[in-house]
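Quick heads-up: structures coming right below.
The same subunit A turns up in both complexes below, where it pairs with subunit B and then with subunit C.
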Partner chain A sequence: MERGEEKMSNIIETPEQAKQDATYYQALRELLLQLADDDLLISFRGSEWLGLAPHIEEDVAYSSITQNTMGHAVMYYNLLEELGEGRADILAHDRQPDERRNGCYLEKRNGEGMYLEEPYYDWALAVVRNYFYETCKKIKLEAIANSSYQPLAHVARKVLMEHPYHLAHWKLWMKQLQSSTDEAKKRMQTRIDEAWVEFADVLELGNLATDMRKHRLVTISEEEIKDKWLDEVKTILVDLPEGPVGKKYGSGRNGEHTDDLKQALDILAEVYNSDKAAAW
Partner chain B sequence: MKEITRQEEIFNVLKTVDDPELPSVSVYDLGMVHDVRIDGNSVEIKMVPTFAGCPALEFIEMNVKKAVEELAWVRACQVKFTMEIQWSTDAITDKGKEELKKHGIAPPPENFRPGDEWTVNCPYCNSDYTSMENIFGPTACRSILYCMACRNPFEAMKPVVQPLNTNY
Partner chain C sequence: MYNYVEDGDSKTTAYVEHDQEKYDAFMARIEAGEKIEADDWMPADYRQALIKLISMHGISEIMGALPEKEWVPKAPTLRRKLGIMAKVQDEMGHGQLLLRVAEDLMKPFGKTRENLMEDLLNGDLKFHNVFHMPTKTWADAGMVGWLVDGAAIMSQTNMLDASYGPYQRALQRICQEEVFHAQHGESIIMALAEGNEYQRSILQESLNRWWPALLMFFGPASAETTGSSKQDIMIKYKIRKSTNEELRQAFLSKYLPRVFSLGLTIPDETIHYDEKEEKWIYKQPDWAEFKQIIRNKGPKSKERLRLREIAYENNRWVRQALAQEPVNV
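Moving on, here comes the complex of A and B:
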């Protein structure tokens, strides 16, 4: 306990300092990959909606949120680059599915069909997914705004200033569609029930969760993140699904993923793969 | 004494480098300049990014470097974006706010508290009879509004400030 307490007061200001403790470094690296990959995948799926949102103002709003979220991913990849984990571009484009740390639910296809062919995407999925994710993101950001790793704490504080607009946007859609027509209600409930059995790994921190907490990379535990998230979504969901939140496809935090991730990465990196040495 | 003059020279240059997406509003007036250090003929400028997803940052970095290096005594200028402090719309100068208005962009509200409703006056006729059409606009920092008085659509900078009740 004494050792733990001593660690609590330690502030790590530079990549060099972070590397002095191997456990600290591993936990930090893992956390940054999770944060970066989550934002990357949800914004990739968001980018596929460009031009397809239900109305023109929504198209402007959703693409703005998506672009900004991609910017958040870039900041985390940059922190990894500063740690010597390789160039941010390569980290985003050129890692195998089993090296990816995003929650499985975030890689899920937007619906049936393909962007360039017949995109029969489901708006209910977009709304539920983004609302669940942004709610979780807020809780996590607050838990790293006082992170022992100063460069990460700074990024979290910045993202927290922009994030309220994102969350408010999806919360409004949730409220409106859940009190709309019978068809809307039914489609929303289907996607809520689906998310309920898939979302859990998004809320989790993976195998190194204990180290992350011990080194104060995050200031609350995984259990607290889940409890806070549940308290929040309970205020919005009209019909709360029964049972605990599950992770049907395993844990993306440990590199377990669905085929949808491969499909996403193939498209995401198509241009990059066509000429890896090009400067964009 | 000489150093102070040089510092002022740099700031005068920064007041002429515009945000690529807001021509005539300088990066200085947007509150993006955090620190200027001069060491002999080298200059290091620390800047604060506005929105994270802003694609203009790389252009701004390039333009600032180029403009400062045009000063006869500057051999090299290094521009770094820092996250040490967080940009907020409160950092926009009064001149910046005036320039935004000339562009048809209403400046952010003053003394805004997160969660507050805010009224936006039309940058053309100053009426407060306006409506928010879309909180998200053509760039992350802007919203789209409509003025019922002069019947013009316009944009506004959305307030970005630190959330309340934080312990950091």
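Moving on, here comes the complex of A and C:
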């Protein structure tokens, strides 16, 4: 990381320093919520898959990734807690859907059915979603590893140590399933095409994107994230969908969500909601 | 977690040992504390007993993930979410480890993991009685970790010196992890025990519900209870040391004081320690019900098997895709 004299003034070491500039603080808060909520939701959907993966080795691997990802969410929620945004558990369990900042595609149900009953989950969706997400996550993390907010940069560097294994895992599945049976190819393409019109808000940084860039919270623009992501997935996708990546259900970054988020939150917070004052 | 379920009605292959010399050498080795490896000669009934034990153990780990998994997405705090995710992942890992051991033993019969899954789905391969039970509240997630895994540690520790090397080594690792699981469960239980009235009530209710299943965990005391028992052959071949009843007594001695110190009660007013006989006197669970449970007629047997069946059918296309020529990656 560059630590030239000019840059030094941009380095923010503590929550107290971050609070001194209102626009800095708002952009930081927004970014942390996005990062935390993204990881929380994809990890939640992953946890529903537990015990249902295509084979036992995959169950072990996927649940390990899911657990790591939940750990990442926890680190971001903790940063928010340190900023005085409330307890991490409340942030994770007790915010309304319109306060949630995750990309809509990440809240999407795993397939038909419920995890407890008749779970006709679609492995093609799991693979495409995780591959697209982890590819995006890598680009963002690398840009955040040099963030002006030091506690966040520190977390990003830690997450980056685990991340290559996650990405490699899903990349391998993408390659295998896209070059296999006709059925596998077809199922994968259906989910790729579907993701193509839904994934855009995951790549975005929301209304405060300009402030995030200006304050060097992230060292990359939204456009650059999209371009890098596209360059990367082009190397893996056998049949690239036409047209730009869309956000069919609006932008989760602005609190726009589908009913699937509500369904996820109801389960995720079921026990928590049974007694919010209790220590669990 | 795990245990070897005594299936009273299972057919045992009639076996006559022809090669007395090899047999004597084998027995001398295990008597001397040596470990038998996958490629070594072994009596057919030893191999059969191991296949049955280890495949059931492995499949129970995998089926055992399902009741706890019900609470993984619902865990009430971030810390609990991380804890239970790690815990259930370990259990799947144990399942994988054990099925690999079973696969090696089954090789001479041309049987594979695919066969085990099919045996499970068609009811030929049993899974442990505790995993047929419902988990109704978050307290059950704690109870499974605390007392079910606590019981599992007892019965697995009993085999830590098992004569079959690959199994014995797998158990070393499994037992180490199970200790963390029991602590994880205990931590959930402690929070509930120290919690409000509602939390304490779901805790007591959970213990009441699990109690008969926990007694059944170790299997019947003798063959007379359920018709037959594999305890003798397991002890003869130095796969395990203690009997079912010895394990159950050790479990009661370890956990009842803890149960009582948390202010919980046992749904058995007759239970007490007899100083003269030096053992716990308790009301026998319904062993007829036990037999029904392990024949997949327990409260949740059908639902849990249905989940596995759906996963199996639903992912058929993935298995077929993987069976194709590997790609260069």
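By our rule, the second predicted complex is superposed on the first by the 271 of 280 C-alpha atoms of A that agree within 3 Å, B and C clash if a C-alpha of one lies under 4 Å from a C-alpha of the other, contacts with A are read in each partner's own complex, and residues count from 1 in each chain.
We take it that a residue touches a chain if its C-beta (ideal position, glycine included) is under 8 Å from a C-beta of that chain, and two chains touch if they have at least 3 such contacts.
Treat the numbers as computed from the prediction; the structure is a model and nothing was measured.
**Student:** Kindly classify A:H72 by the partners it touches after superposition: subunit B alone (first), subunit C alone (second), both, or neither?
**Tutor:** First partner only, subunit B.
**Student:** Contacts for A:Y120 in the overlay, against subunit B (first) and subunit C (second): which applies, first, second, both or neither?
**Tutor:** In the superposition, A:Y120 contacts subunit C only.
**Student:** Mind working out whether A:L268 is in touch with subunit B, subunit C, both or neither, as first, second, both or neither?
**Tutor:** second
**Student:** Does the superposition put A:A145 against subunit B (first), subunit C (second), both, or neither?
**Tutor:** In the superposition, A:A145 contacts subunit B only.
**Student:** Give one of first, second, both or neither to describe whether A:H55 is in contact with subunit B, with subunit C, with both, or with none.
**Tutor:** In the superposition, A:H55 contacts subunit C only.
**Student:** For the overlaid complexes, name the partner, subunit B or subunit C, with more touching residues on subunit A.
**Tutor:** If we count touched residues of subunit A for both partners, the winner is C.
**Student:** With both complexes overlaid on chain A, does A:E242 touch subunit B (first), subunit C (second), both or neither?
**Tutor:** It touches nothing on subunit B or subunit C.
**Student:** Does the superposition put A:H169 against subunit B (first), subunit C (second), both, or neither?
**Tutor:** first
**Student:** Kindly classify A:M161 by the partners it touches after superposition: subunit B alone (first), subunit C alone (second), both, or neither?
**Tutor:** After superposition on chain A, A:M161 lies in contact with subunit B alone.
**Student:** On subunit A, which stretch or stretches are contacted by subunit B in one complex as well as by subunit C in the other?
**Tutor:** 57, 60, 64, 67, 70-71, 74
**Student:** Under the touch definition given earlier, write down the residues of subunit A that touch subunit B in their complex.
**Tutor:** Answer in residue numbers: 57, 60-61, 64-65, 67-72, 74-75, 142, 145-146, 151, 153-155, 157-162, 164-165, 168-169.
**Student:** Where on subunit B does subunit A make contact in their complex?
**Tutor:** Residues 49, 51-55, 83-84, 86-88, 114, 133-140, 144, 158, 160-163, 166-168.
**Student:** Considering only the defined contacts, which subunit A positions touch subunit C in the complex?
**Tutor:** Its residues touching subunit C are 44, 47-48, 50-57, 59-60, 63-64, 66-67, 70-71, 73-74, 77, 88-89, 92-93, 113, 115-121, 123, 172, 175-177, 179-181, 183-184, 187, 267-268, 270-272, 274-275, 277-280.
**Student:** Would you pull the subunit C residues touching subunit A in the complex into a rising list?
**Tutor:** 62, 65-66, 69-82, 85-86, 88-89, 92-93, 95-96, 99, 113, 138, 188, 191, 194-196, 198-199, 303, 306-307, 310-311, 314-315, 317-322, 324, 326-327, 329
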